[in-house]
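First subunit A sits with subunit B, and in the next complex the same chain sits with subunit C.
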Partner chain A sequence: MKLLKAGICLLAMMLISGCWGQINFDQLTVVSAIGLDPAKDGMVRVTLQLSNPTLPVAAGGGSQQRRPYVNYDAVGVTIQEAVERIQHQAKKSLFFPQTKVVLISEQFARRGLDDTLDYFWRETNQNLNSWVLVSRLPARQVLDKAMELEPVPSEEWRKYLQGDWKRPLQVDVQMYQFLPRLNQIGYQAVSPGIGPFNASGKTDIMEIGDTAVFKNDRMVGWLSGEESQIVNWLTGVSRRGSFHTDFAKEESVSYSLNSIRVKVTPLIRGDRLAMMVRIKGEAEVLTATLPLHFGTEQAMLRDTLNKQVKLAVEDTIDKLFVNYASDVIGFGEALHRSMPSEWKKRKSNWDKELRQVDAEISVSFRIRRTGLLQ
Partner chain B sequence: MKKQHLYALPERRRELELRLGESSDLIARECRIGQDATPALLMWIDSLVDKRTLQLTTLTPLLSLQTSPLPSTDPSECLDELCRSFVSAPEAKVVDTIDEALPMLMSGWTLLLLNGARGIATIQTSGWDRRGIEEAPSSTVVRGPRDGFVESLDINISLVRRRLRSATVRVDKLKVGELSHTDVAVLYIDQRAKPSIVEEVKSRIRNVKIDGVLESQYIEELIKDNPASVFPTVYSTERPDDVANILLDGRVAIIVDGTPFALALPTTLFHFLITTEDLYLAYPVATFIRWLRYVGFIINLLLPSLYVGTLIFHPEMVPPQLLSSILTAREGVPFPVLMETLLMEATFEVLREASVRMPRSVGSAISIVGALVIGESAVQAGIISSPAIIVVAATAIASFTIPSIALSGTVRILRFGMVLLASMFGLYGIMIGVFLLGIHLASIKSLGVPYLTPIAPFRKKEFLKTIFRVPWFMLSKKKNSRRRA
Partner chain C sequence: MNKQQISERQFFFIIFVSIASLTFFSVPSQLIPKVKQDLWLSMALGITIDVFVALLLYRLGLKYPNQSFVQYSRTILGPVGNLISVIVLLFFIAVCVTAIWIYSDLLSSSLLPDTPLIAFSSTLTLCSGWAAIKGIETIARLSQILGTIMLITSLILFATSMPDLELRNLLPQFENGVRPALMGAIYPGSWFGICILMGMLMPYLRHPRKTFRVKANAVFLGALVMTGYLLYSIAVLGTPMASQMENPIYVFTRVTQLIIFERIEVLTLLVFVSGSFITYATLYYSISQGCSELFRTKSHKIWVYALSPIFIVLPVLTATESFGQWPPYLDFWFPVIALSIEGGSVVLLYVASLFRKKKR
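Take a look at the complex of A and B:
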């Protein structure tokens, strides 16, 4: 009897629930990449790359003749509106939670992102772990032209960016890190760039490299690979790197740098803000184009290395703080942590403050190994 | 002419024959014993009596009295004396009435009637074919004793007694079944089993009102605590070493005549997942295997429902590569995920049932049809997707890790419920199901012992013994003589 009553209650519960969270699994199509381009009148053109699952090669899917992915695009005032339009074209249920990359075209990024990316803050069915890339060409073009070893290019890009072995010349950022940094004055956003390797054929291999620097929600410029490496050191993302020191007469020595420890300390000198950067690490000679005697010349090599690294760091900080006035290395946050009252005072005028920061950089690398050759 | 005796033989013989409905296997043998040639009558049921025993223990001694006088002139005393001193059977006694004698006759004893004697002598001559002791087919072991119980109560008790040669092992015999008069033995170790539990078991068995007991399941069902529950609260085993271990644990075993399956009480959920064989293996190996079994139990219960629930409600939880594979594999499959899974589960259950009933010689045919025809061609024809087959197969294999048939059957039923819940509410539904199960498990008891002991209520030492197979050297001498249940 009790059981019967309980059973009736349970059955009633089924009637009450009007909304079945059920998903039509067989209609599901995974959106593997989202591209954002500007459109006229401040609208946004959204490109969705829908992957068409193929059997893995191991299961005999190698010879299947079908398009591995299809791109759809539509224009809307918001991303939401455009996605709804795409829904009409694609017919299948769009499945966002496994989006791999979000491509933002440079043009669009320079226009300012804050209003549009609100979608990613609010939409629940999406992947905050997707990787953000800024494309030099319009995103639609990149998605159309990309040709990688994997059938679905965005899958290849995700694997590259996700690689547990962090490439020192490469920044990477996921949506959940990227979004808040768009509004964080003391630690602003960066994103890796993507563009065609040589813009010739109908299809192209895409190159992921360089770094797009954001100032608030607007992209302001690019950093080269070497500069990206320094940003990675200063933000503590990477502790490894490679560096080439130049000598006279087109001779150079290449090092691989390991166990890099960076300490960024904000200081107040009178009224001026200073930034002390101490870089320590170990270096290993990989290639030398000139004959070297390490017994006698080790000190010289070390000093050259330290001097040139110091110069490179100075240049990068200069470029960031003066040219771009963007704090992508999180110096503001460092100040916030060590001197909260100073930060409060200077926060409102941080752009101007940044330009006037004195960077005091000291670099000390030890040359540990010289390769197999002694 | 002699005066008619009060207990004349022909009348009594007639009465006995009438009571048995003139059954044709009732044999009567008349003989005359002693110098006076006093008429005597032996009666027995043909099929239940070992004739050799009858001849050696009863007929020969009686007939050898031909030349000597009977021990007494009074027939009743004479019968007593014959029973005491002449019949060489190990068991013989005199009963007063036919009503008392009949059940003994029906269990293979021979009745000896003497002209004029009031009582009836009953002589144990029973003997019938018994199956030899073989390995228990329901629970084979890699290492450990291989003998299994047989259908005879005496042999079964002897198998247990042989392992525990202590005067503290008690065997209490009861009779159950108004028609079957089945012997039921309650085994326990004095001072180790709680007297209250022993008493409770005995009183429950005494209260059993049933016509016949053909298997211990009859008893199990009638004495278990929560008859409505799908979970077994009585353990059954076919192995004497298992029973010996149960007795050492301070639990009570029940052996029923006519079946090789003995029962044990009280029993908790974990007793079904721990085998006595764990004690015969090295402790790290045994612990590992035990964990596998726990995992198998959970997989068996939840894997199909997780598959259905995750795919229908939370596909974002499936790793991208896997989702892609499943999507490809499901392309063109005409059934929804739920239907497909239920269909395969049902197919597997049917196959399993069919293979149990199959004669051995046709067994391979079933496996060919099952594995090749249904599995392989259903996938190739695109009727069923291969992930569904993999899930069902994994579940099936996991189900074989549960040592107890009773618990395995319970989980089989619950699995379907879980799949339905998952199909309605996704992971949320699975959580509802697990909660309901948890509430139910926490509320049932076996002879006053909560079913989830030692987890709820938590008992640290027993808990460790449940999770790990604690090696003997880590149990001190005192602890080694295990706690009472």
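Take a look at the complex of A and C:
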């Protein structure tokens, strides 16, 4: 009797291997990037970059002539429909959980995203950790033309966006952060942009720079690298940066900024909303094109730095709140956190409120090092 | 009689595992959209409700040593006590069916979409039923192992998710006043209260006097771990996303990374499945034991067999599914009925027992 029970248990263990639901690796294709473009009549063109894994060299894979990736595209009313059409072309089971990058073309972003992106909310196999990029060219072209060091371009982009070192001038956002912010008035979505470095030739190196600003689910504009850096500081994502101060006669001093602490506090003055921004940090001189005397000129350098940073921050906030009327630095959420009753009152007119915000910015950097080893 | 006995530590782990996995079932999807960041208060109130009921059960258990809930309800109130026991047992059966339904639903939507639901309910019933037949001592020993694994896994998940935390998502606290948190307390309170099955288990404890303290500690720890999970989900995902997902804890573990490992939602599922198994086995055993005492059969094993078709078939019927997905069921009726049966029956018995003593 015991033997019978043991036998049944062992037999049951065979069920664990999942043989009946198996999909072998050669029947899968890994989707490494999804590209979204607009198509006519409000439809969406989905491009999938499928990577073709090469066998390791030891197994004889080194000399294989295989394309490292291939792009398929199809048009559909929803992303789901387009993906089903691509399934016919791809002839293998599409494996989504390893998606590295989702490319949204600028045209599509400006048309309006929300309904289409519902797919990413619901589909359980989607990778919520994939990185979102907005491409200046149609996504299909970017995926076709991209030439990177890695055989599969989206892998290179993912490594770039994941790395920490380039952080100052670049925002980065993953799908799980991007999706809810499309509907959040108090903290709108941003996304890094990607475009070709030279807009010519069959293959191109892609440059990830600039930031696309969204208002609700539509894209409204771009921010330059320096402005994205300021957005990173104000949202607390980055605590480092670089800044370039200009002096008379085209001289300049550039600094590397560290340990930046930013405090954004909403205040109510009478009936008006004010935003107090306090930025503190340390600066280190990187290069100077004019001869500097640190003993005597330190105060002047510091004041110039502080003044110019303040100006840059003011300009960025102006551009965001007045031109784009989009709260990508999370000021609304900051108000929500500190004064929930005020937020409830002002939430419905948040566009108008943003335009009327008084921004009081105070910047104080301390110049610590001169960059010379003396 | 060769009675099985369980030690305090085993009892602690049974309760801890039960609390943690019971809350996992439907509390996150109810609490987070309604209460959001203040849910720690709802959990704390839920603990208070449960500890209060536990205190009453403890006193009753001491007053009637070596008698389980069913037995002393008969002693206190006679035939009415039998009626109470029947209601309580039926309620537990309904809870089991709900729990298995949620379990099958979650596993099928996240992990194994093509598997027919009946495979989940039948495998779970088979394993838990087998454990229930073997008795509480088996279940207790198993719960020690699985409880420790659950605890360690949860701590690992908490520690490694720290880089993704945005603590400011947890503010503002009490933006709509205290009322949502107070009203939200019925959800954890009702699911925690299922641990009144401790009333069934008290006769088996080696040192009945320590029951209350052990139970209170276990409830506290279980609720602490679950509050940790819920607050982490909000902190990582942000309130808008967490409120819209059906199972925010699952999504939260999907998004975070464990050193170099991604997709650690398998750890969550491990915790969930093993916790469900222990909880369900304990409930199954308690129900069968209760039925056998109620109907005075010789052993509980026959009840395990008798109830198994209900547990295998009922949760996977379409009717159950549409009933379960009817929003007021989990929103309102379940917590209210649960609290009234759990709390009400215990309070009734306790008050009646006071009168009985005075009568003598």
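Rule of thumb we're sticking to: the second predicted complex is superposed on the first by the 336 of 374 C-alpha atoms of A that agree within 3 Å, B and C clash if a C-alpha of one lies under 4 Å from a C-alpha of the other, contacts with A are read in each partner's own complex, and residues count from 1 in each chain.
FYI, contacts are C-beta pairs under 8 Å (C-beta built on N, C-alpha and C of every residue); 3 or more make two chains touch, one makes a residue touch a chain.
Given the structure is predicted, the values throughout are model-derived calculations rather than measurements.
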Which of subunit B and subunit C A:L94 touches, first, second, both or neither: neither
Which superposed partner A:P180 touches (first subunit B, second subunit C, both, neither): second
Touching partner for A:S51 - first (subunit B), second (subunit C), both, neither: first
Partner chain in contact with A:L3 - subunit B first, subunit C second, else both or neither: first
Subunit B versus subunit C as contact partner of A:N129, first or second or both or neither: second
In the superposition, subunit B vs subunit C on subunit A residues touched: B
First, second, both or neither for A:D26, with subunit B first and subunit C second: first
Overlap of subunit C and subunit B interfaces on subunit A (superposed complexes): 21, 97
Subunit A - residues contacting subunit C, complex: 21, 97, 121, 124, 128-129, 174, 176-177, 179-180, 183-184, 333, 336-338, 340-341
Of all residues in subunit A, those that touch subunit B in their complex: 3, 14, 20-23, 25-26, 28, 30, 51, 53-56, 59, 61, 95, 97-98, 100, 125, 127, 155
Residues of subunit C defined as touching subunit A within the complex: 109-110, 112-115, 168, 171-172, 175, 237-238, 240-241, 244, 251, 254-255, 262-263
Parts of subunit B lying in touch with subunit A, wherever the complex brings them together: 228, 311-313, 315-316, 320-321, 323-325, 327-331, 333, 336-337, 424-426
